[in-house]
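The next part holds the structures, each set out as C-alpha cells.
Here come two complexes built around chain A, the first alongside chain B, the second alongside chain C.
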Partner chain A sequence: MNSVRTPVSFAEATPRERLRALVDDFVEFLDPFARVSSPHLAAHGLVAQRDDGVVVGRGRLAGSTVGAVAIDGRFLGGSIGEVGGAKIAATLEAAPGGALIAFDTGGIRLQEANLGILAIAEICDAIVALRARAPVVAVIAGRVGCYGGMSLAASLCSHIVMTEGARLGLNGPDVVEQEAGPDEMDARDRPAIWRLTGGARRVAQGHADALAPDDCAALAMAVRAAFGALSQHLERLSTTRLRASFDAALGGEP
Partner chain B sequence: MTRGEHWVRTLLGDAAVAAADGVPSVRVADGTLDGAAWRAVAVVPNPVARFPRARGGELGLDEGLALADAVRGAPPDAAILAIVDVPGQAFGRREEAAGLQLALAAAVNAYATERRAGRPIFALVVGKAISGAFLAHGLQAGWIGALRDPGVEVHVMPAASVARVTRATPDEVARVATIVPATARDIVTFARFGAIDALFDVHDPLAPSSAERAAIVRALVDARERGLGTRAPRERLATDAARRTRAPALDVRDRIARAWQS
Partner chain C sequence: MHEIVVERLGGRAIAGRSHVGVVASGNLEVLCEPAAAPRTRITVRTTVNGFDAIWRAVLERFLERHAVAADIEVNDFGATPAMVTLRLEQALEAADA
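So, the complex of A and B:
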C-alpha cells in the first residue's frame, strides 16, 4: 500500500509548530516562562501575552545556524509593538548564518504606535545588513498575511515564499476601504482581494519568489530551496522594473 | 507652498530645487552647506499626479521609486537630507494591486544600503511624519532633527483614522497618550524615545529667520563632521533618553544577545 501523507496545514499551526516545521533543532529565546510581555496594553484595557505574539530563537538550515522568527497572527492581529519588535531585531542582528522569518502580521501595533514604528525601522535595517552576508528567507503563509510596515520588511528579504491563501500588501483592504471609501475597495469582496494581493498573484508579478501549498513539509522544502539559491539580485526592488510595472498598472485592472 | 518644499528651498536655495525625473511630487536639490555637498529630498503634493490617491503629498508608487533613485543617484560626495513632511502612504486599490509595499521598500532599501555603504544620511522633520511614509522617508537616517512646532506630528495613522478605528473620542485618545506616550503625536514626546537628535525652535515654520536657519545648518554640518549620519537605527537605543523610555526593548535585546552567545 502506498503511504499517502496527509498535508499538515501551516496556516492552522501555532508559531512554535511553524518554526519547528521550517528549521531543524529550533531553540526558543525568551520563551513564555521568561514572561516577556508588553507593558503598554493594560492601559488600553487589553491583556498581554507572555511572548508578546512573537516567537524567536535559533535553528539550523542547510548546515547554517540561522535566526528563526514567527509572528503570531492570532495575538492582536500579529501586530508589532516594543517588545515583539525588539525580539525580532535582536534575533536578526546576531544571527550568524542567515534567518527565516514567518510573517503573519498586520504591521505596527496601534496601541504602541511610535515604539512599533521605531522597532520596524530597526528590523528593516537588520534585514538589509544580514542579507548582505547570508540569506534571509521570508515565509508568508498565515491567515493574516503580511501588511503595514512589516510588508516593507518582508520585501527587503532575500527570498519570499508564499501560499495561495496568504496575502501581501502595504494597506489591508479594511484600511483602504476606511480611508478611501467602499468605491475604492470593497473589503468584503474576498475573491477580488485575493486576486489582487494573494500569493499566486504576487509570485506571478515577481513580488514574491515561490509559491508553495499550505503544508508544513512542502513549505519546509521551499524554504530550503530558497536558502540554497545563489541568486541574491533582489530583482523585485529594481526601480527600473517596478516603474515599468507601475506604468502598466495605469492601463487598468489586472 | 508646503513645509517640505519650503524647507528644501530655505536650506539649499530656490535655484537648486528640481523635480525628480518624471515625478513632480518629489523634489531634489543639490547644493552645499558650509562648503560640503548635500542633496535634499522632499515629497510634495501634486494635484495632477497620474495616481489620484497620491495627490496630497502621500508616498505612492511613483514617489517611492523617485525617492529610491534620488538617494542612490546622489553625487558621490553628497550627504542626503530627507526633508520629512509626509501625511502617510497612498490608500488605493490600484496601489495595492501594483505592489505599493515594493515602492516604499525600494526607498527603505536605498536609504539603508547607501548609509551602510558610508553615505551620511540625515532627516529633518518639518511637518507630518506618518506611518509607512516615515519608515520609507526619514527613519533610516543616521541623524534626525525636527522642528519643535505643533504642526510637526509623528504617528502610525492619521488622527481621524485613529478615532474611526478605536471609536474613541479625541479626549479619550489624549488621555491614553498620557499613559502610553508611544501613542502621542507631538514631537516633544516622540523625542523622549531617543530618536530625535536635535529639536529646533522656529517662530514660523514657513518663514524661518536667518538665525533660525543658521542654527539648523550648523547642527547638520556639525553632525556630519562627527560622523553621525552613518549610524544604524538601533544606535538610537544607546541614548540616555532611550535608556529611560525604552527599557523593555533594551532588556529584551540584552537577553537575546546573551542567548545567542550561550
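So, the complex of A and C:
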C-alpha cells in the first residue's frame, strides 16, 4: 500500500492518503489487488488502472461509521466509468451512517458513454436516498476539481467543503470555449476560470458551504464539524423525535 | 495494447504486497505480490509499441539487482525507463516494509 505519512497538502496527496486524512480507521473495499478494473478501455487502446481510479471503503467520522469515497483525478481525469461508478454507488447504498466523498473528477468517462451516464445516475440516486437519513459530505479539493455529471452528484450532497484552488462547474472551460467560442470563455485565462468556478466564488454564491485551506488537517476539521452538525440536525428531524414533540404538545405521553 | 513478460528463477520471498503509482501520462502503476513459486514474473501492459528491447533491458537489470520471488504487474502510460526503475524499486521497498 501507499505510504501512511499524512502530507500537509490535500491536493498533492493520493486518494488513499486523502481518505486516511479525512476519516479514522479507513478500510478499503475492492483494493487494486481485487483487480476490479474497466473492461472497456483496452478497446480504446488505453491501459486500465486496477482500481479504475476510484478508492472506496469505510471509516469513522464524528462517531459514525461512514462510507468513504475518493476519486483519483490523475487517472483519465478522474472520469467515472461503469466499474468506478458502481463502486461508488454500492458504497453509498451500503453506508450505514452517512458518507464522505472526495471528488476530483471531470465527470463521465466518454469512452464508456451510456454506462458512465447510468453509473452517475445511480450515484445521484444513492446520495439522495442516503442524505435523508445521514449526512453526505463532499470535499472538492483536488487538482481537477469537480465537473460534468459529477458536479450534479456533488451538488446533491448535504454539504460541500472546497479549497480556494479547487473548481466546481458543469462544463469545463475547454468545453465552453469549444462550444460557445473564445469570446464566451478563454480557457487559457486561468484567473477568469477561478473567478467563475473557484472555491471562494462557489462558497460566496452558496453553491458550496465551506471554504478550507489546502491542508489535510484543516479539511478534516471542516468535514468533522459539518458532519457533526448535520447529524444533530437530522436527529432533531427524526420521526421518533418529531412524534415525541407532537405528543408532548398534545399533552399525551411520549 | 501491448504485453511484455519477463521471468527469472530463484530468489527470496518478499514480506508482503504493495501498490504504487498511477496510470497517468509519463507514469505507471505497479502491483507487487509474493509469488507462490520461487521466481519473479513481471508482466507489463503498455499502449506504447516498439520499445520492447528497452523494456527488457530495464526489467532484466531490476531482476539482476533484486533476487526475489514476486509477481509484479506493471500498467504503463508512457513512462520513461528511469521512471519505471524508480517505481519498481519503490514497489519492492514498500512490499518489504
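In this text, the second predicted complex is superposed on the first by the 222 of 254 C-alpha atoms of A that agree within 3 Å, B and C clash if a C-alpha of one lies under 4 Å from a C-alpha of the other, contacts with A are read in each partner's own complex, and residues count from 1 in each chain.
Note that a contact is a pair of C-beta atoms (placed from the backbone, for glycine too) under 8 Å apart; a residue touches a chain by one contact, two chains touch by 3 or more.
Note that the structure is predicted; figures quoted are calculated from it, not measured.
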First (chain B), second (chain C), both or neither touched by A:244: neither
Dominant toucher of chain A (residue count), chain B or chain C: B
First (chain B), second (chain C), both or neither touched by A:32: second
First, second, both or neither for A:47, with chain B first and chain C second: second
Partner chain(s) touched by A:169 [first = chain B, second = chain C, both, neither]: first
Chain B versus chain C as contact partner of A:126, first or second or both or neither: first
First, second, both or neither for A:185, with chain B first and chain C second: first
Chain B and chain C footprints on chain A, overlapping residues: none
Chain C-facing residues of chain A, complex: 1-3, 14, 31-33, 42, 45-50, 72, 74-76
Of all residues in chain C, those that touch chain A in their complex: 1, 17-20, 22-24, 27, 29, 31, 33, 45-47, 73, 75-77, 94
Residues of chain A touching chain B in the complex: 29-30, 34, 36, 38-40, 43-44, 56-58, 82-83, 85-87, 89-91, 93-95, 108, 110-122, 124-126, 128-129, 132, 148-149, 151-152, 154-156, 168-171, 173, 175-176, 178-180, 184-185, 196-197, 202, 205, 207, 234, 236-237, 239, 242-243, 245-246, 249-250, 253-254
Residue numbers on chain B that touch chain A, as the complex places them: 50-51, 53, 61-62, 65, 68-69, 89, 91-106, 108-109, 112-113, 116, 131-132, 134-136, 139-140, 154-158, 161-162, 164-166, 176, 179-180, 182-184, 190, 193, 195, 232-234, 236, 246, 248-253, 255-257, 259-260
